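Please read through the structure below; I'll follow up with questions.
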C-alpha cells in the first residue's frame, strides 16, 4: 500500500516539476522564473524523501537536509541581485 | 712536440686566443692583434714542425670519444691536404692579422674584430683537420657563423648587415644541406670516421642514395665556394673590412668547399654524374665570374668576381676526376691563395690611402704609390697567368687537362670555354693593374691623396707576391713534394712522376694560353667600347633579387602567421573541438566493435523522465536565451538541481551533497561577476558562424552521448574498486567508501585537489587586488548601475533569519564533517556548508559588518590547511609507513561510549580549512571589488547631488 | 554563567538540533551536542548583537497554534486554487500596523504570516511600523488585518516580552 | 625502510611544504619568504639529482602512497624518464626563480613564490605519478598555478591572453576527464601499468571505444604540447608572460610531450589491439607542420619574446618528429632534444628580458634603438641563445638534431622529417639573424628615435644576466657531456619501451 | 477487511498522498494564478503542508515500518520553516521593485498602497535602522 | 526508455549546449558553456561506474552489492577542481573586462603587427 502511495507521490511530484518548468520558461517576469526555480527545489526535496522511502534507505536525508538549508540561498541571491545588483555590499 | 698534442693544440689555439682577446676587451688594440698574431704564428710553427713527417707520408690521427650514439668523435687527423690548408689558413692568417692591425682605424672594436677572426681561424682549422665528418660539419657551421660576425663587423653600415645576413643565409643554408648529405654518407658508409668513409667508395657509389648524397654535398660545397648559381653572396660579403676579405674570400672560407671536394674526391668522384655536374658548374662559374669581373668598377667587386671565377676553375679541375687535374688544382690553390690575398690587401691599401675603391676615379697611381703598384701589378700578372709566375704554370696545366675531357660528348666544349674564360681573366687582370696604376689619373682628388703606406701595411702583400713569383720560378723546389703529396692525399694513392715547370715545349696548352693573353690585351684595349656594348646588357642585381625574395617570403609567411595566429579564442576552441570530433569518429570507425553493449538497462520512472525533460529543456533554454545572462543563470541552477537529483537517484549521496553546495557557491560567484559585466550585450556571432558552431556542437554532443551510451550498456570489467569496498572498513576505518577513498586510498588526489582550490583562491586574490588601480580602477570609478536599484540594502527579515541560521547551519556543518568518514559528508562538503553559512551573513548584513566579525584570515586558513594535510601525510613516515598512510583505532570512554579516532580525519581537517579558506577568499575578494565599485559610484552620485543643490 | 551561555534558548535549540541530527540519544551524542550548544553561541555571538529575551512557554504555545493554522489554511487555499476561477479571486494588499519592537519579533511575525497560506508578508515600511501583506483572497481586507493582529501579533508580544 | 625509499615523494613534498610556509611569512617578512622559496628550489634540485643517480642503475622504483598496493592505491614510479624530467624541472626552476628574484620580477604582484612552488609541485607530481587520474590532478595543479603565474604583473595584454589560455586549458582538462572515464569504464583501473595489461584483454566489441579513448587522451596531451593545430593558444600567452615565468613555461609544453611518450608505450603499446600506437599515423605529419610553423613564426616574429614563443612551438615539433618514430633510438634522441630545447627556450626568454630591460621603451622589439648598457655581452648571450634554439654548433641543439636525423633515418617518410628539420633550422637562423642584427647592430641616434609610450627607465643591473648565463652554461655542458647524456637517454628510452618490465616493477607478479 | 494492512501503513500512505497532492496543488497554483503575487501563495503549500505531510509520512515510515529512529525530517521542516518565508519575502520585494522600475503587471491586487505614514515601503525608501548594531568583537 | 538512455542523451545534450556556448564571442557565455560542459563531463565520469539504483557505497556487513565508489570519488575531485577553475575563469573574465572595457574573447589588443614592418629583406 505504501508502495502505491509512493508511486502516487512520485507521479504528483513529476507533474509538479513539469508545471514548474512551464512557469520557468513562460515567465513572464524574472520573478516568476525565480519562483519556479524555488518551487523546484522544494519539490526536489520531496522527491528525495520519496526516493528514501522507496529505497528504505536513510542515506539520502543529508541531501534533503542540505537542500532545505541552502536551497534558498540561490533564490535570495537572485532577488538581491534584482533589488541591489550587488549581492554582497 | 708530439703530433697528437700538436693537432689538439693547433685547433684549440685560435679559440683560446679568441677567448683571451674577448676577455681583455676594451681598445687595447696592440694586445688584441698581438695575441692574434702570436696565436697564428705558434700554429704556423707547429705546422712547419710537423710538415716534414706529414709530407713524408706519415698520417696522424687522434680521437676522443664524444657522442658514440651518433658516431661523433672529437677526432683530428693531418695528411698533406690538411697540412697544406692548415698552412695557408695560419700563414695568410698571420699576414692578415698584421695587415689588419695597421688597416683598422683607431677606436674600432678591435677586440670584436680579432676575436671573431681567431674564432674563424679555429673553425677553418677544424674543417681541414677534422677526422670525423660530423665534427667537420660542426666546424663548417662555425665558419658560417663567424664569417657572419666578420662581414657584419661594420654593423652601422646597412650593406654590411645585409651582406652578412645574405652570406649566413646562403652558406649556412648550404651547410644544412651539407649536413643532410654527410649524415647520409656516413649512414651509407656505416661510419662517420673520415678515413673509413674515404675507403668505402664502392659501397657509397653502389648505393641507390649516391645521387642524393652527391647532390646534397655538392650544394654544400658550391654555396660555400660561391659557385654559380650560389655565387651572389660573395660580392656583397665585400662590405667586410678588407683584411676579412683578404682572409675569408681568397684563401680560406671560400676554399672550404674546394677543400671538401678534394677531401671527398676518393669516395665521390669518378662517376659520370660527378664529372658532369662538377665540371659544368665549375666551367660556367669560371666563365661567368671572369666575364662579370671584366666590367666591375669597384676594386673589391672585381676581385670578388675574379675569385668566383678562379674557384670555378678549381672546382672544374676537381670535376675532371683526373689525377693530373687534381695536381693542377692543388697547385692553383696555392697560387690563388698567394696572389688573391695580396690583391685584396693592395686593394685595401689603395682604398685606405686614396679614399676610394672605384677604379673609374683612379689611375696613374704608380707615380704616387710605386711599391703598392709593383706588388699589385705582379699579383695581377700572376692572376692573369703570365709567365714566369706560378699562376702561369697552374693555368697551363689546367688548359692541358681540359683537352682530356669531353663534356656532353663534345670533346671541344671544355677547352674552348676554358680558353675564353682564361682570356677574360687575363682581361680583367690587366685592366685591374693598368687602370689603377698606369695611364693618366682620371680624378685629381684621390690621386693627390694617394701615397704608399707604411711598411707594416705593404709587408704582408709583398711577402705573398714574392711567394707567387717564386712558385713560378722554382715550382719543383718550392712546391713539388708538397703538391705531389697533397695531390696524392686527394686522390688517395701516390702519383706518377710529377714535373712542374714553366716550359713544357710547344703544345695545345701553350697555344691556348697565348691566345688567352692576346685576347686579354685586346679586351683591355677595347675595354671602353665593350663597356658601352655590355651596358645595355641587363645585369640582374643578385642583392636586390635576394632581398626581394626574402621580403616576399617575409610578407607571405607573416601574412599567413598573422591571419592564422592572431589570438582568437573562438578559433582555438573550434580547432580543439573539431580535432576531437574527427579523432573520435576515426577511432570509432577504425576500432570497430559495437555501439550498444549487452548490459540490460534500468527502467526509467516518470520522475526520471520528467527530470530528464527538465534538464534538456533547461539546456535548450540556456542556448536559446544566451543573451539574457541573468535568466540563463536561473536555468543553470535548475540544471544543477537536476544533476544533484540524478546523483541521489544513482546512489551517490556524497556527490549530491557536493553538487548542491558547489552549485550555491558558483551561483553567488557568477552573480557577483555579472553585476559588473554587461547584463545583455548584443550577440556577436554571425548566423553562418552560429550554424557552423551548432554543427560542431551537435556532432560533439552526439559523439560524447554515444560514448556514454556505449559505456553504460557494457558490463564493468572487474574494477579495482572492489578492493576499496572490501578494505574500506577494515583497512581505512570508515564505512563511507567514497570518503575513505578520498582521504585514504586516493588521498594523494585529494591533496592535489585542495591545492588546486587553494591556488585558485590565491590567484583570484592576486588578480583582483589590483582592480581599484589603473584603467580598471578608472572604469570602476565611472561605473554606472545599468538599472535603478532599491535603496534598501539589508532587508530586515532576511537579516534576522540569517542570524538564527548561522549557528544552526554551523552545527550542521560540524555534523557533516564528523560523520563524513562513515556516512555521506566529509571535510569538503562541511567546508562548503560552513562557508555558505558565513556567506549568508555577507549577503544579508553586508561585507563590512561580516568582515569586521571574521576571526581568521583566509590566506592563513589555506596555508594552515595545506600544512595540516601535508604534516598528517608526513606523520606516517615516523611510523615507517609511506606518505599519506593512515592509522585509526576505536576507543571507549565512560558515558561517552565507543568512538573512532582516524588520522584520515585529521587530513580531512586540512581539506576543510583549504576549501573554506579558498571559497571565502574568492567570494570576499570578488564582492569586495563590487562593493568598491558601488562605493565609488555612490560617492560620485553624492557629489553630483551636492552640485545640484548648490 | 550568562557569559558561558549567552543565550540559553539558542543553546538548547542547538542541543536539540544536534540530537535530531545525529539521530541518537546516547550520552555521547548528547555530550557532544552540549559542547556544541555551548561553543557555537559564544563563537557566533558577534554575529547576533542584542539577542532578545524570549518567553519559551509562550513561544512553544505560539508554535503549536501556527502549526494548526497552517494545516487549516492549507485546505482553504487548496480549495481556492482548485475551484475558484481567477476572475472570482479577490487578492488584496493588507497593511498591518506593527506594535512589535524588536526586529526578531517582526521577523517571526512576518514569517508566520508567510507560512500560513493565503498571506505573504511582502515588505516592511521604511519607518518599521507597518507590514505589507498580500492576501490571495481577501473579500474583507480589514477583517484579515484584525485577525492577523489579534491572533499572532498579540501572542508574539507575549513571547518577546 | 630508509630515507632513500621516501626520496621519490620529496619532489612533491618539498614544494608543497614550501608554498604554504612562504605564503604565511611572505606578508610580514618577504626576505624570509624568498629564502624559503630558494631553499626549496635547491632542495628539489638535490632530490632530483639523487633520483637521477638512483635511477641510473636501471631499477624502477615505485612508491605506494598510503601503503595501498598498486593498482588499488596511487603509486609513484621513478624510472630514468621521470628522473630526467624531474631534474630538468628542478634545474629550470632554479634558473627561473633566480631570475625572478634578481630582477625583482617576483614583486610585481601577489603570491609569486607560493604559486611558483605549487607549479613545481604540479610538474614533479605529473612526472612521477604512475596513475592516470592522479596525472590529471597534477595537470590541474600545474595549470592553475600557471594561470596565476602567467597573469603575474597583469596589464591588459596578459589579461586578454590569460582569458584565452585559461579557457582553452579548461576545455582540455574536460576532455582529459572524458578519456579517463572511457578508460576506467573499459579497463576498470586507473594505474597505467595495470591499464597496459588490461587493454590486452579487451574484447573485439569494445575496440572502437578503446581507440576513441586512446586518441582522445593523446589529443589532450597534444593540446598541452601545442601540437598544430592545437598550438594557437601558445604564442601570445608565452610572449606576454613575465619572462621568468615564460622561462619556466618552457617545460609546460614538454609535460604534454612527456605524457605522450609515457602513456602511449605503457598503455597503448603492441598489446592494445585497435588502440595499439593509436596516434602514430598522425603524430609525424602534425609534428612536421608544427616544426615548420613554429620556426616560420621565428622567421617573421617582431619581438624577441614572440620569437622565443614560436621557437618553443618549433622545438616541440622537432621533438615530436623524433617521438613519432617510436623506436628506442628515436625516443632517446627525443629525450636529449627535449632537455636541450627546454633550456634553450628558457634562455631565449631570459635574454629577451635582458634586452627589454636595457632598451626601455623599445622593449625587445626587433627594431633599432639607441645604444644600451653591456650591449656587446648581451649580444653574445643572444647569439648563444639563438644558436641553441636553432640547433647550430657548438651548443647541444646541433647534437640533438644530429641525433634526430640519424635516428629517424630508418623510419618511413624520413625524407620529410629531414627536410622539415633542416628547413625549419634555416628559417630559424635567418629569423634570429634578422632580429639580432636589428637590435644589436642597427643603431638609431637616441635623439632621432625617442622611446615609445610608457617607456620605463632602462634597468642596467648586471644581476639579470646571471640566470641566462647559467642556462647557456648548462647547454654547453649538455653539449660537452652529450656522450653520457645520450647513454642515459638511450637507456631511458629502452626502459620506457619495455612496458612489461615497468608493469612488473609496479604490480609485482600479477 | 483491511486487516492485512496495518493502521500505520494507512496513516503513512495517507500522509504521503496528502503531502504529494498539496505539492502538486501548489505547483498548479504557480501555473494558473493570475500574477506573481498570487502565484507566490502556491509554493507555500508545497513547503508547508506538502512537504510537512511527506516528512511526517517518512518519519512514521522509518519509525513504524523499519524501526529506525530517524528525526531528520523534523530538522528539514525546521529549516524550511525558517527559509521559506525569506524566499517568499525576497521574491515579493523583487516584484515590488520590478513594479516600480518597469511598470510590470501589478496583477488584480494592483500596486501596493503607501503605508499610512510619511515614509514609504523599505523597497522604495532607505529604511531607518531598526536593527541594533553591536560593536564587532575585537578578538580577531 | 531506460535510465541509461536518459543519462547518455542528457550528457549528449549538455555537451552540445556546452560546446555551442563555449564558442560564443563573449567571456560570460563561454564560462557558462564550460559550466554546462563540465556538468556533462562529471556525469560522464560518473557513468564510467555504470548506473546503480539504491546501492550507495556505504559499507555495511549485511550489504553485498554497492555502486562503484571509485568514479564517485573521482567525480567529487573533478567537481571541486572544476569549481576552482570556473571560479578563476569567471574572475579573470571580469578582471579583463574591467581592464580592457571589452568582454569579447577575441579582438586583438597590443598586437605586435602595428609596429613598423622590419622584414627579412630590409634592415
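For this structure, a couple of remarks:
Should a chain be cited, it is by its letter among A, B, C, D, E and F, assigned in written order, with residues numbered from 1 in that chain.
Note that in this section a contact is a pair of C-beta atoms (placed from the backbone, for glycine too) under 8 Å apart; a residue touches a chain by one contact, two chains touch by 3 or more.
Because the structure is a prediction, the values reported are computed rather than measured.
Any chain bridging chain E and chain F, meaning touching each of them, is among A, B; the list is complete.
With centres taken as mean CA coordinates, the chain nearest to the overall protein centre is D. The most distant chain from chain B is C, comparing centres defined as mean Cα coordinates.
Distance from chain D peaks, on a Cα-centroid basis, for C. The distance from the centre of chain A to the centre of chain F, each centre being the mean of the chain's C-alpha atoms, comes to 25 Å. Inter-chain centre distance (chain B to chain E, centres taken as mean C-alpha positions): 69 Å.
Work out the mean CA point of chain B and of chain D, and you get 16 Å between them.
Annotation: 62 Å between the Cα-based centres of chain C and chain D.
For chain B, the set of residues touching two or more other chains reads 158, 161, 165, 550, 553-554, 558, 567-569, 571, 573, 577, 609, 633, 649, 653, 674, 704, 707, 711, 716, 719-721, 724, 745-746, 749, 753, 756, 759-760, 763, 767, 775, 787, 789-790, 792, 796-801, 804-805, 808, 812, 823-824, 853.
Counting partner chains per residue, chain C has residues 17, 21, 46, 103, 106, 110-111, 121, 124, 126, 128 touching two or more of them. Multi-chain contact residues of chain E, defined as those touching 2 or more other chains: 26, 28, 40, 42, 47, 70, 72, 75, 78-79, 82-86, 89-90, 93, 95, 97, 122-127, 130-131, 136-137.
Inter-chain contacts, as defined above, occur between A-B, A-E, A-F, B-C, B-D, B-E, B-F, C-E, D-F.
Contact residues on chain A toward chain B in their complex (touch as defined above): 10-11, 13-15, 17-18, 21, 24-25, 30, 33-34, 37, 40-41, 44, 47-48, 51, 59-60, 62-63, 65-67, 69-71, 73-74, 76-78, 80-89. In the complex of the two chains, the chain A residues touching chain F come out as 54-55, 57, 59. Against chain F, the residues of chain D that register as touching in their complex are 133, 137, 140, 144, 147, 151, 154-157, 159-160, 162-164, 166-167, 170-171, 173-174, 177-178, 180-182, 184-185, 190, 239, 299-303, 306, 365-367, 430-431, 434, 437-438, 442. The residues of chain F lying in touch with chain A in their complex are 53-54, 56, 58. Interface of chain B with chain E (complex): residues 787-792, 794-801, 804-805, 808, 849, 852-855.
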